[in-house]
Amino acid sequence: MKRIGVADTTFARVDLGRYAVRALQAAGTGFRLVRRTVPGIKDLPVACRQLFAEDGADLCLALGMPGKAEYDRTCAHEASLGLIFTGVLEQRPIVECFVFEGEARDDAELEALGRRRAEEHALNAYALLFHPSSLARRAGSGLRQGFPDAGPARRSR
Amino acid sequence: MKRIGVADTTFARVDLGRYAVRALQAAGTGFRLVRRTVPGIKDLPVACRQLFAEDGADLCLALGMPGKAEYDRTCAHEASLGLIFTGVLEQRPIVECFVFEGEARDDAELEALGRRRAEEHALNAYALLFHPSSLARRAGSGLRQGFPDAGPARRSR
Amino acid sequence: MKRIGVADTTFARVDLGRYAVRALQAAGTGFRLVRRTVPGIKDLPVACRQLFAEDGADLCLALGMPGKAEYDRTCAHEASLGLIFTGVLEQRPIVECFVFEGEARDDAELEALGRRRAEEHALNAYALLFHPSSLARRAGSGLRQGFPDAGPARRSR
Amino acid sequence: MKRIGVADTTFARVDLGRYAVRALQAAGTGFRLVRRTVPGIKDLPVACRQLFAEDGADLCLALGMPGKAEYDRTCAHEASLGLIFTGVLEQRPIVECFVFEGEARDDAELEALGRRRAEEHALNAYALLFHPSSLARRAGSGLRQGFPDAGPARRSR
Amino acid sequence: MKRIGVADTTFARVDLGRYAVRALQAAGTGFRLVRRTVPGIKDLPVACRQLFAEDGADLCLALGMPGKAEYDRTCAHEASLGLIFTGVLEQRPIVECFVFEGEARDDAELEALGRRRAEEHALNAYALLFHPSSLARRAGSGLRQGFPDAGPARRSR
C-alpha cells in the first residue's frame, strides 16, 4: 500500500493539513497517511526527508503559510529550495502548497483560499501517485490551485 | 536505443510538450520517448530525476510556463536551480524550455512563441544527443530559441 | 539518551545559547546537551553538521543574530540555506533561531526579544524531539516565536 | 597527460572557445583538449560534469555570454551556482569566463572584450594546472581579466 | 599535527593570505600550513575542497576581496554559498574572510581593513581548531572582525 506524507506547520493560520487530508480521503483509497507537524516552513524539508526515509512515504505534501513581511518571502524561497533539493535527493515528489498570508484581504478569505488550495494540491498529489495519465491529459491547459484556472491560450483565439 | 525524457506541466497555458514531441519525431529516429506531466515548474526537477533514474532517459526536456506575477519569477528561479542540480547529479543534460507568460502580448502570441521555443529547444536536445558536432560548429554564433538569432558579433563589423 | 546540539555565535549581541539551554533544562530531562560556539552565522551549518556527525546530536538548535546592514541579510539567507541543506543531508531537524538586530529599537528590547525567541524555539526543539504530538495538535494555529501568536484565521470570523 | 575541458555555447555572440583554445595552445604543451558545446550557459554545469566524468578532464573552462536582459542576469547566477556545485562535487577547478553582452557598447568592443577575457582566463586555467606557484606569487595583486589590472592597494600609498 | 588550509586570490588588492599566515604563526604552533592561490572568489570553494581532500587540511581560511560593482556582490554571494556547501560536505570549518573593496574610502584604508580582518579571522580559525572553549566563553558578546566590537546588548542597559 502506498504512503502519502503530509507535513504542515504550527505557524500557519489555517489548518491546511486537515483540509488536505480530507481531500485525499475523499479522493480514493489504497494509501496510508503519515504525518509530521513542524514549527515553520523552513522545517518542512527535513520533515519531508524524514517522512520519506523513516516513515516510508512515496510522495509528500508540504503545506505552509508564509507571513506578510518581506522577510517571510525570503523564508519561503529558502524552504522551496530545500523542498526541491529534498525531492531530488529522495527521487520522490513533494507537492508544495504555500498560501501567503498577504494573498487574502481578511481572515475569512485566508481560510477559504487556504482550504481550496490545500484541497486542490491534495488532488494533484493523489493524481501524481495513482493516476499520472490524468495529469498528462491536462498538460498545457492552464490549471491553477486556489484560484480559477487560467485555461489554455488557444481557447481564446 | 536512446531515450529522451519529456517533462511538462498542467500549469502551462500552451501544450509545450506536444510541440516538443512533434519536433523530436520530425528530427529523426533512433530514440524512444518517456514522458511525465506534473502540476507546475517546481515539480519538474523531481520529474526529470525520475525520468532518468526510473525511466532510463539519457536526456530530458523540461518544459514550463511561469505566470506573470513577481512570485512566478521566484518559482522559475527555484525550478531552474533544481533542474541544474538534478542534471549535475545525474550527469546527463536537462534542456530547460521556459516560456514566461509575460513575454507575449496576447494568447495567440503566447501560443506561437511557446510553439517556436519548444520546437527549437527540442532540436537542441536532439543535437546534444545525436549530433553534438553540429552544436560545436555553431559555437559563439548567437543562436536564440523562440526569437530571431542575435548572430555573431563579428558579422556586424 | 537523546542529545540536543546547541550552536551559537560570538557575533550575536545576546547570549541566545544560554537562554535556550535554560529553557531546555526547564522543559524536561532525558537529554544531554552538546555545544559548539562559532564566530558568525555562516559558520553554523558546519557546526551543526559536526554536532550531528561527531557529537551524536539528534536535533540541533542554531542560534544567531544578523546585524543591521543590508549585507547581513544576505549572510542570513546564506546561513539559512546552509542549515536547511545540512538538516536534509543529516535527516535530522535543525531549529533555526535568528534574531535580527534591526528588529529591536534598543539594546534592552534586543535582549528581551532574543531571550523570548531563544526560549520559544528551544521549547519547539524539545517538542519536536519528545512530544511531536503536541505540535500536531497545534497545526495551523498561527504560533509565533518572540512575538505574540497570530492565532488561527478562523477565530476572528 | 593532463586534460583540459573546454565548454562553450551556441548562444554566445563571440567564439570564446576558439580564443581560449588558441591561448592554451600558445601557453604550452603537455595537455590534451576535450570539448563540449551546449546551447546556453545553464547547460554548462552538466557539460563540465561530463567533461570531468566521461572525458577525463582535470580542469574545465566554462565560457558563456549572458544577454542584456534582467532575466539573463538570473540565468548567469543560476549557471554560476551550478558550476561551483559541480566543481566542488568533482573536486576539480572550473574556471568560469562569462562576458555579459551589456559590458560592451558595440559588437566590435564585445568581440575584443570577449577575446581578451577568454585568453586571460585560459592562461589562469593553464597556471592553475601547471604552474600554481605563479598564481601564489601574484596573490593579492589586484589582477583582472578582460580589463586593466586594478593592482595592489599598497602601490598607491 | 593539525593542518590549516589557506586559500586566497590574485583578484584581491591586499595580500590577505600573508596577513592571515603571520597572525596564525604568531598565535601558536602545532599546525602546518597548506596553501592554494586561485584567480577569484568563485574559485575558493573548489580550492578549499582540494585543501581538505588532497592536502589534508582540518580547517580552511578562505580570503577574498569582492570588487565595488553590483555584480561583485552576486559573485560574493555565490562564493559564500559554495564555501558553506563545501564545509558541510567535508564536515570541517571554512572561515570566510571577505573584504569588500567598497568598504574602504581609499587604498590605505583598504590595506588596513584587510589586514585587521584577515588577522582577526585567522585568530578565530586558530581558536576553532585549538581552543574552542575560548569561543564558547565569548558567545553572544558581539565580537566583530576588522571593525570595533559591537559588544553585548546587556552592557548598555
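First chain written, first letter: the chains are A, B, C, D and E, and each begins at residue 1.
What we mean here is this: a contact is a pair of C-beta atoms (placed from the backbone, for glycine too) under 8 Å apart; a residue touches a chain by one contact, two chains touch by 3 or more.
This structure is a prediction, so every number in the text was calculated from the model and none was measured.
In summary, no chain was found to touch both subunit A and subunit C.
The set of chains in contact with subunit C as well as subunit E is empty.
Rotation angle, subunit A onto subunit E, C-alpha superposition: 145 degrees, expressed as a multiple of 5.
Comparing the contact residues of subunit B and subunit D by number shows a mostly separate set, under half of all numbers used being common to the two copies. With centres set at the average Cα position, the gap from subunit C to subunit D is 40 Å.
Subunit D and subunit E have Cα centroids lying 25 Å from one another. In subunit B, the residues touching two or more other chains are 81, 85. If touching chains are joined by edges, the resulting network of the protein chains shown is one closed cycle, each chain touching exactly two neighbours. The ring of touching chains, read from subunit A in the direction of subunit B, comes out as A, B, D, E, C. Across the complex, subunit A is touched by residues 8-18, 35-39, 42-43, 45-47, 49-50, 53-54, 65, 67, 71, 74-75, 78-79, 81-82, 85-86, 89, 107-108, 110-111, 114 of subunit B.
Interface of subunit C with subunit A (complex): residues 73, 77, 80-81, 83-85, 87-88, 91-96, 100, 121, 124, 128, 132, 135-136, 138-145, 150-157.
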